[in-house]
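Listed below are the structures to be examined.
Two complexes follow with subunit A in common, the first pairing it with subunit B and the second with subunit C.
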Partner chain A sequence: MKHTLQQVFRSGKFIFGFSILVAILLIVIIYPLVIPDPPLAIIAQGTFFEPGIYVNVYDSIIAPKYTLNLEGAAAKRIASRLNSDDRLAMKEWLVAVGIPEDEIDIEDTALLLELWETHFDPKTQIAGMTNARRNYYIRLNASLEGLLATEAAIIAVKNPTTGALEEKSVVAQSDFVNANKVANVRLLPLGTDNFGRDVLTELIAAARVSLQIGFVAGIIATSIGLTLGLLAGYIGGIVDDIIMFFTNLFTVIPGLVLLILISFSIGQERRGATTIAIVIGLTSWYWTTRAVRAQVISLRNRDHVNLSKLSGHSIVHIILNDILPYIASYVVMAMILQISSAILAEAGLSILGLGPRTTEVPTLGLMMNWAMIYYAHTLGKWWAYIPVLVTIALITFSMNLMNTGLDQVFNPALRD
Partner chain B sequence: MAERKVCLSGSGLTKIYGFGRTRTVAVDHVDFNFYEGEVISIVGESGSGKTTLAKMLLGLTSTTEGEIYFQGQRRDISTQRKKLEYWKNIQAIFQDPFSSYNIFNKIDAVLLDCINMRGGHGFPRAKKVEMMTEACSFVNLKFEELTNKYPFELSGGQMQRLMIARIFLLMPKILIADEPTSMIDACSRATILDMLMGLRDEIGMTIIFITHDIGLAYYVSDSVYIMEKGKFVEYGTADEVILNPKEPYTKRLINDVPKIYEEWDLSTV
Partner chain C sequence: MLKGYRKYFFNKLGWFLVTLVFAFILNFILPRLMPGDPVAAIVARMAQGMSDATGVRAIYQQYTELFGTNKPMVEQFFIYMRNVLRGDFGYSISMYPRTVADAIKSSIGWTIALQFPAIITGWLIGNTLGALAAYLKKGFDKVLMPISIFASNFPAFGMAVILMVIFGVTLEWFPTSGGYGFDLIPRFDWRFIWSVITHYQLPFWSIVLVSIGGQAIGMRSMAIYELNADYVKYARFMGIKDRKIIGYVFRNAMLPQITGLAMALGTMAGGALVAEIVFSYPGIGYTLLNGVMGQDYPLISASTLMITIMVLIANFTIEILYGFIDPRIKAVQAD
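Showing the complex of A and B:
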């Protein structure tokens, strides 16, 4: 046993897969301890906020100010409001209204703006220009206002009795706040989703629930499959015939179809994560049964089993001591595969809207489902679904890699 | 040879595997009387049904037809309890020592099973160790060196000797030795055979010796049964059968035994 473990942990593939899985498990366990936010709390008003650091504007006005005279700060400010595409578009307009092309230098912001102010008129009709394009120019023109201003901005508060504005503070262009001194800064590494939830917190909770579903379903499927396989293989005869009849029934019915029908008939209200795990477990045991049965049949006429019989051991003792240890490695491998396929099955069901009900816990499949029905993919909100895909891929990849590693250890024909 | 008592006999014993096109008759209506205290050899080439017959005699495979009589009584192994009683009287050594042991059990466990089977459950540990040591020393193994070892850490010859130690502890009336020396190198072979014969003298059991080597059969046995395609084609005492064979199959088997002093004629093989 110890020897086998040593061998297993010498396989590079197994170690790689195992470390990925352990890393995922650690993150899933430790993250909620560090950041105990409820994963389904809606924090954002609006959908799909981009990933980034969110700094409270009000708090940063109150926060102590530092003056930093940085070179290029003004240029950066201008660039953030007027990018190179906009500059090209402005040149296009100016050329269209008759300015010679060589007089326009799009890098010289002051000159460009001067030309723009004198020549731009939204009423000008330019041949071949669509309405959408014209609206773009109007928006662009509005955003250019005060672009080159260098004066400080004034923060004012409305006096509740007189209604007059009273100057509160002045914000100069070279004023900075230290982000550490701002009371409210929120890091949203993966932005928010369609409901306004923090995607990272939600993703980690979802990975946890999905792994739980995978483990529960995997254990159920493996234990049913193992028990039936051992009985069918060792006892044989009529028991074998009956068990194989049901196993074959399950084999010919496509698993996903069965899963969809059962999920649908349970109804949305009673479909929790555990129910889904049990349903997945109860519909995926059959191939373990077939595989275990085949292994047991090849074992049951071995000499050591015969010797055990001759030594007067009971059937239970023989199955547990002379058959089970010989197929244990295989069963572990089958279980890993069952877990990873259960995670995929849950994702598949949830994408179709047949997963656990949506109010309690997120799962990886549910996150995919939400991203899909709120058009995250067509809107280009990658942070709502790509991290989920990567997580699913990583979990199943690590498990399949572990399996390949184990296979190489236990199956000498595959060793490098 | 005045009073030869029959200890195991069979009438019309048949085993058929499969059905339809895959139907194979492994053992075909064989009748035999094995006498107490003798060494009986069953000789035949691979696939002649020797091992199937052995398994039927052991009760590890069901019989398709025919009856087996043990000490004059019809054998009854319908329940686990009756099987256990039967297996106290009839034991086996298998062909391949490497696959005969459960690789997850230590050697002590193998021997302890035998003591327990002979009703030694309640023995104090010291007595069990003493019994195991005695059994091991009978086959020239040192029990102290074997404790906490796994069977696969031994050599093939040692494993097969451990099998004999097992039989020493079990003291069955009949031992079925299914080609016990065919996987062993030639030097260990004679040792194993000598030990088997020594054990027979010690506890007075009947040995049913299954082999493909007719020379070996002649060397060890009192009676020889020649098996061809599931049938006993010729049987009698070793001298009768081997020195004066009647069947062409027997003659062929005898000719197939290589003789060191003659040039081999491979064209007839």
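Showing the complex of A and C:
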């Protein structure tokens, strides 16, 4: 046993896969201890906030001010409000109203704005311009107001009795706050999803649930598969025929079809994560049965098994002591594959809208489903689905890598 | 020899029919195994938000009739079977007054035209790459293997989404959804055919890419195993040319891969259905999704039955062809 483990941990592929899996497990366990937020709490009003650091505006007004005279601050401010597309559009308008093209320099903001202010008139009819385009220019014009202003902004508070605005403080353009001194700063490393939930917290909870589903389904599938495979292989005869009949049957009938039928029949209310895990386990045992049976048949007539039979040991004793140890490595490998394919099966089922019910726990498949329903992929909201895909791929990849590593240890023909 | 093959053929045909009947029974019995009146449960789910009591009763009656729930189970089964054999799956709930048979008929062609070429292409490319990896070893193998392992574990819908985002949304090379342009009416002209071809690319390649990895890994293992077999060493000692030996080796390694394809068809079809869903391709997978979304039980049941039948037929065809390719089968059956 000790020797086998030593050998296994000398395989580079196994170690690599194992470390990824352990890292994921650690993150999944430790993160909720550090940040105990409920994973499905809706914190954002609106959909798909970009990843980033969110600083409370109200608190930053109150926070102590520091004056930093940074070169290029004004240019950055203007650039953030007037991008190159807008500049080109302004040039297009100016050319259309008859300004010679060489007089316009879109890099010179002050000059461009001056030309714009003197020539822009929302009532001008330009041939071939759509109404939508004209509205765009009107919006652009409105946003340009005060672009070059250098005065400070004034924070005013409404007097509760008179209703008049009273000056509270002045914010100069060179004022800064230290983000550490602002009371409310929230880091959203992966932004928010379509419901306004923190994607990272949700993702980690989802990975935990998906792993649980994978383990439960994998254990169920492996125990059924192992039991049936041992019976079919060792006892043989009619038992073998019956078991193989069902094994062949389920091999051919698409597993997803069975999953869909069962999940739909169970109904939304009773479809929890555990139920889904059990259903996946019950519909995926046959691969293991097949593999175990083939192994047992090749072992059945070995000398040590015959010796055990002659010594009058019971079938249970023979299976446990003379057969199981020889196929243990195969069973472990089959189980790893079962776990990873169960995680994929849950995701496939959830994409169809037949995953676990949605109010209590997220799963990786459900997160994918939500992102797809709200068109995160076509809207370019990558943070809602790419991290989910990467997590699923990392989990299944690490498990299969472990499996390949084990395969090379126990199957010398495949070694490099 | 031919007699041996006939025996093999009838054996497989018998097995095909048994599986078909069994799949049919499962399709019939699974919803009925659930506690409670299945029709009542289905109607309750369908009638969510329906205030018209007569409408609810009409649905209830239609389903009591289709499933015959007031009769004994065995009789119900025969009623259901008779209806299905006539092609009568009842009315679709979500697309009423369209019949389920009509919805299936209009989508099945898309699925067949998409999935079978894609799966076969993926299988061919995968096996070629796997064989090359086993033969060339070194650098090619070192690069191909990790990529294959990663690709074969990448979820099918993930591949579809990523292809869609890269080639559909960002580069805008191909349309992102549907089987043909939404502004076109199906007819036989260049514009329509071109539209079908461009819409075909993304779903096709996403299925191909997903199936390559697993096949490459399988073929590599088989080929390595065969390359180390005694007959190869013996042939080398005999001084037979490398090229000729390789021919034998890959022919032998191919055979289990064909059986592997037959067995994996079910799983592959599942992945391919998901690709249809992501790209809103008007095949069975998308119809199935509509069924689930619309709580449309007759549509779901008919779609799953169709998928199973298609997989079974494909599986049967492969096994029949396999009998021709593998000389051992004829030999064994002839004994």
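The working rule: the second predicted complex is superposed on the first by the 416 of 416 C-alpha atoms of A that agree within 3 Å, B and C clash if a C-alpha of one lies under 4 Å from a C-alpha of the other, contacts with A are read in each partner's own complex, and residues count from 1 in each chain.
One rule holds in what follows: a contact is a pair of C-beta atoms (placed from the backbone, for glycine too) under 8 Å apart; a residue touches a chain by one contact, two chains touch by 3 or more.
As the structure is a computational prediction, the values presented were derived from the model and not from experiment.
Residue contacts after overlaying the shared chain place A:306 against subunit B, while subunit C stays out of touching range.
Shared-chain residue A:316: touches no atom of subunit B or subunit C. In the superposed pair of complexes, A:164 makes contact with neither subunit B nor subunit C. Touching more residues of subunit A than its counterpart among subunit B and subunit C is C.
Looking at the shared chain after the overlay, A:325 reaches subunit B, while subunit C stays out of its contact range. Residues common to the contacts of subunit A with subunit B and with subunit C across the two structures: none. Within the complex formed with subunit C, the residues of subunit A that make contact are 248-249, 251-258, 260-262, 264-268, 340, 344, 347-348, 351-354, 368, 372, 377-378, 380, 382, 385, 389, 392-393, 396-397, 399-401, 404, 413-414, 416. Those residues of subunit A whose C-beta lies close enough to touch subunit B in the complex are 302-304, 306-315, 321-322, 325-326. If you check the complex, the residues on subunit C that touch subunit A are 15, 18-19, 22-23, 26-27, 30-31, 33-34, 38, 41, 45, 137, 149-150, 152-158, 161-162, 164-165, 169, 176, 221, 224-225, 228, 263, 265-267, 269-271, 273-274, 277-278, 288-289, 292-293, 297, 300-301, 304, 307-308, 311-312, 315.
Interface of subunit B with subunit A (complex): residues 55, 58, 60, 80, 83-84, 87, 91-92, 94-96, 99-105, 110, 113-114, 116-117.
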